[in-house]
Structures are given as structure tokens and as C-alpha cells.
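Below: one structure, written as C-alpha cells.
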Amino acid sequence: MDFKTKIIKVRYGETDQMGFVHHSNYLKYFEIARLEWLSELGISYADMERDGILMPVVSASLYFKEPLFYGDNFWVTVKLKKKPKATIEFDYLITNQKEKMICTGNTILAFLSPITKRPMRCPNFLVEKFN
Amino acid sequence: MDFKTKIIKVRYGETDQMGFVHHSNYLKYFEIARLEWLSELGISYADMERDGILMPVVSASLYFKEPLFYGDNFWVTVKLKKKPKATIEFDYLITNQKEKMICTGNTILAFLSPITKRPMRCPNFLVEKFN
Amino acid sequence: MDFKTKIIKVRYGETDQMGFVHHSNYLKYFEIARLEWLSELGISYADMERDGILMPVVSASLYFKEPLFYGDNFWVTVKLKKKPKATIEFDYLITNQKEKMICTGNTILAFLSPITKRPMRCPNFLVEKFN
Amino acid sequence: MDFKTKIIKVRYGETDQMGFVHHSNYLKYFEIARLEWLSELGISYADMERDGILMPVVSASLYFKEPLFYGDNFWVTVKLKKKPKATIEFDYLITNQKEKMICTGNTILAFLSPITKRPMRCPNFLVEKFN
């Protein structure tokens, strides 16, 4: 199962003095992708948080192949790695307007219970959406 | 009444591809200054928020004289403009390690009531600290 | 003369612990709007910079009416205030998906010469585009 | 060989609406740590870039144990993993004011030649500093 975001434009403020998009922004791009996917599946993460369910990132990895520049457009493809249980794991691929591979990565997110604020299993409504 | 922050180093990720600190960061520098000042006065803004009192920015202005570069250090001087009432107003001055004037600015902040979430007057404990 | 951006979604990482979009992001939204406008007019700011012409922000003001939240969409309307000369001045209006006025603002930008790195007049190709 | 930064305060603008420091900021904290270390070793990365040597991040990994909150202070300990060759590899550990382990991570950086803009070996002056 995977999902590709709409086209995203590099923002000027995302560049650094090397002229590259600063590497910390890629974690924000990954986040945009997984939340846009949830939204496409009919899940509002804003509502989930209002219901008290938090999804903090517990680990992340990033491999930078080529830099993104101001003026570039890109897409993020996000893939569910396996059926979510105690955590949910996504793989990411960022490609630019020339279909060049820019960055790959992975994040694992946990679920915090609205009541105990402790880790809980992936809620059923999420598991079902990803089936 | 005024307050000068400890020395602050420009962070690499704050630069943009012009090689200057991106102008949006100065609003963050102003924020660091006013919160550090509150902290010096014995007020924890973290605690204020836990008590439900929010202080959103309602207006801001910035005048950029000279850019900051990676490698620069700077200070923010923050000044209370007048006795806080429905809002609190601060003036800011950023100077670099050569005592060059970098940026001046101003922000006005409101107070939101923990109960009604509507604007309220500046809490007395804050008015007193600034007397 | 004015221009309205395509719809922009609030990004999760733009929120702060008040649950509002952090006020520093609005300067980035203004920047997106004026650069998207230049792009619509057939001007690549990336190319301008490669030719050595820089457009630093020399002043900015912002008036926050209502917060933006994660889950909101918004538009930025940007307006040229007067014929550009030594500087170029834009007014901004941000409205959300309910057509609520969120924020207004203004920025003045200068032009730095590729040769002297000193301020210069607005290049003719820009003046003409805005006629 | 390792290095511990001076104390760093969480900035308000680094929080997100969960009330945690947004996870993308940790890559900036790692960067602060390795550049502060270079600076302590007498190496100005600003000068290195002026000489045309760039050090882009080629991979990064992060493991989040506990969140950082506004009001927290923290330190980053950075460790050279092995003698730098074609790349330089650092391990990171972030601990808060209660000496709680907050985050661990790793980054690998490459060196780009000022002339060819292609990868080159770690410059000798850097290898020697880390001996």
C-alpha cells in the first residue's frame, strides 16, 4: 500500500547557505506525506488529536542522494511497511521534477492513549483503513 | 525597564541561500528575549500556559538594518513600552558582536483567559513584576 | 495589481504548543506569495539570484486577527503597493477556508546589485512586469 | 573522542501542538553540536565554506526516547565514530536537565571539493584535529 503526495514546491525559507534545502526539512516533508495520506483515507489527524490520541515519532532515518534546490518541485511517496501494531512504520521516497531520487527514509510512530498518555496499540479504525 | 539576553549564536540552519539569517527567525529571537526576561523576573511562561493563560502575538513589526551571518553572535535588548493593560508591548533591538545594529522591532501581545479563551487584561502578577 | 496564491495547507510542524500556527511562519507565507506571483509573471527568483540580484526584506509588519490551526487551509492575497523604485512594497492578506480574515501585513524589499552588493534601483524587467 | 555542548534551552517556537519539541528540530540540535565542536577545535565552518568546502549530510538516524518540553534545558554529546575518510560520522546523545536520555542519533557527512563540487576525502586539517 502506498500513496504519492501532490506536487510540493521548495520554499525559499527552506534553503540554507549552501543553497540546498536544509536537511531538517525532509522530516517535515515526510510528515506532510503521511498526514496527507491519512487525510485521503478519510482520517483527520487533527480530530484524532482532539480525541486525545497522539502519534509521536519514535525513530527516523534519512538517506540523502541529491540536494533539493529553491525552484525545484518534488513528490513524496509513502509506503506502509507492515500491518500497524504497537507502532506504525512508513518508508518514504522523495523524487524531484526530473524524477531524480532525492531522499529515502523511514519513520516509526507510536500511539499514546488519551487516558493514560502511555503507549497503546494502533487504534482499530486505523488498522482497518490500511487493510 | 529593559533586559538584554545572554549572547546567542546564529545557527547554521537559520541561514538561507542568500547567506543571511532568514528574516522569519527574528520573530523567534524576539520571542526568546521576552520569555528569557519573564524567566529572569521569576515568571515561568510554561507555568502560565499550564494555568491556561495564553499570550498570542497580535502584531509585530521589524526593521532590518544589516544581515546576520552564520558565525555571528548577537544580543537582543527588549524594552517594555508602557504599563501593560489589555495588551503588553515590547520594543526590540538586536546587535551583533561588533555592536552593529542589526534589527529593531516591536510586538504587541494579548492575554487569553483560561476560562473564556477570550481576551482579558494583563494578570496582576505580571503588572507588578514590571513595576 | 494583486495576486492570490493557490490553496495552502497548514503543516503540522508549523503549529506551536498553543495549538496555533507559530507567528513566525506568516513571514514565510508572505514570501511564498510574492515569489509565486513573480513566478506567475514569468520571473524566476532563482534565476535572478543566479544573476546576482538579491532582494532582502528591509521591513515587515504583521497584524494577527485570528489564529490558523492544523487542519486549516488558507490563501495569501498579495498586492503591489506602488510602482517599485529603490524598494518594492507589498501588502498581504491571509484568509482561511471559511473566508475569515486571519492576518494582514506588509513587507518592503530592497535590491542588491550583483556587482557592488550595494542597494540599486528595481531592475527594469521587474518594473515592466508590474506595469 | 567526544564533546558536550553548553546548555541549550528549548525555544518556544520549537514546540508543536502536542506540546513536544517537534522532531525535526533534533537534526538542528545535532548540527549545533558538531559545529560547536569544530569551533572548539579551532575550525570555523563558516571559513571552510568560504574556502568552498561543503559538508552536506548524507544520512541521519534518530531514536526518540522521551520528548523535550518548553521549559527544558538540554545538552548534546557528540562523538566521532571513526577516523574520517571519505565521510565523517558522528553519534549523538541528548540529555535533559534531569539527566534523562532524550534522543540518540547518528549522522554521516560528506566533503564536497571547492573546485569540482564532487565528493572528496576529508581534508587533512580536519583529520589532524580529530587525531
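In order of appearance the chains are A, B, C and D, and numbering begins at 1 in each one.
The rule is short, and it goes like this: a residue touches a chain if its C-beta (ideal position, glycine included) is under 8 Å from a C-beta of that chain, and two chains touch if they have at least 3 such contacts.
All figures in this text were calculated on a predicted structure; none of them were measured in a lab.
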Interface with more contacting C-beta pairs, comparing A-C to B-C: B-C
Going by average Cα coordinates, which chain is farthest removed from chain D? C
Whole-Å distance, chain A centre to chain B centre, using C-alpha means? 32
Roughly how far is chain B from chain C, going centre to centre by Cα mean, in whole Å? 23
Centroid from C-alpha atoms only, then distance chain A to chain C, rounded to Å. What do you get? 27
Residue numbers of chain D (touch at least two other chains): 12-13, 17-18, 24, 28, 31, 49, 70
Considering only which chains touch which, label the overall pattern as line, ring, star, complete or other. complete
In their complex, what parts of chain B are in touch with chain A? 12-13, 15-19, 22, 24, 70
Could you please specify the touching residues of chain C with respect to chain B in the complex? 17-18, 20, 23-25, 27-28, 31, 49, 54, 56-64, 67
Chain D partner contacts - residues on chain B that touch it in the complex: 11-13, 27-28, 31-32, 35, 44-46, 49, 69-71
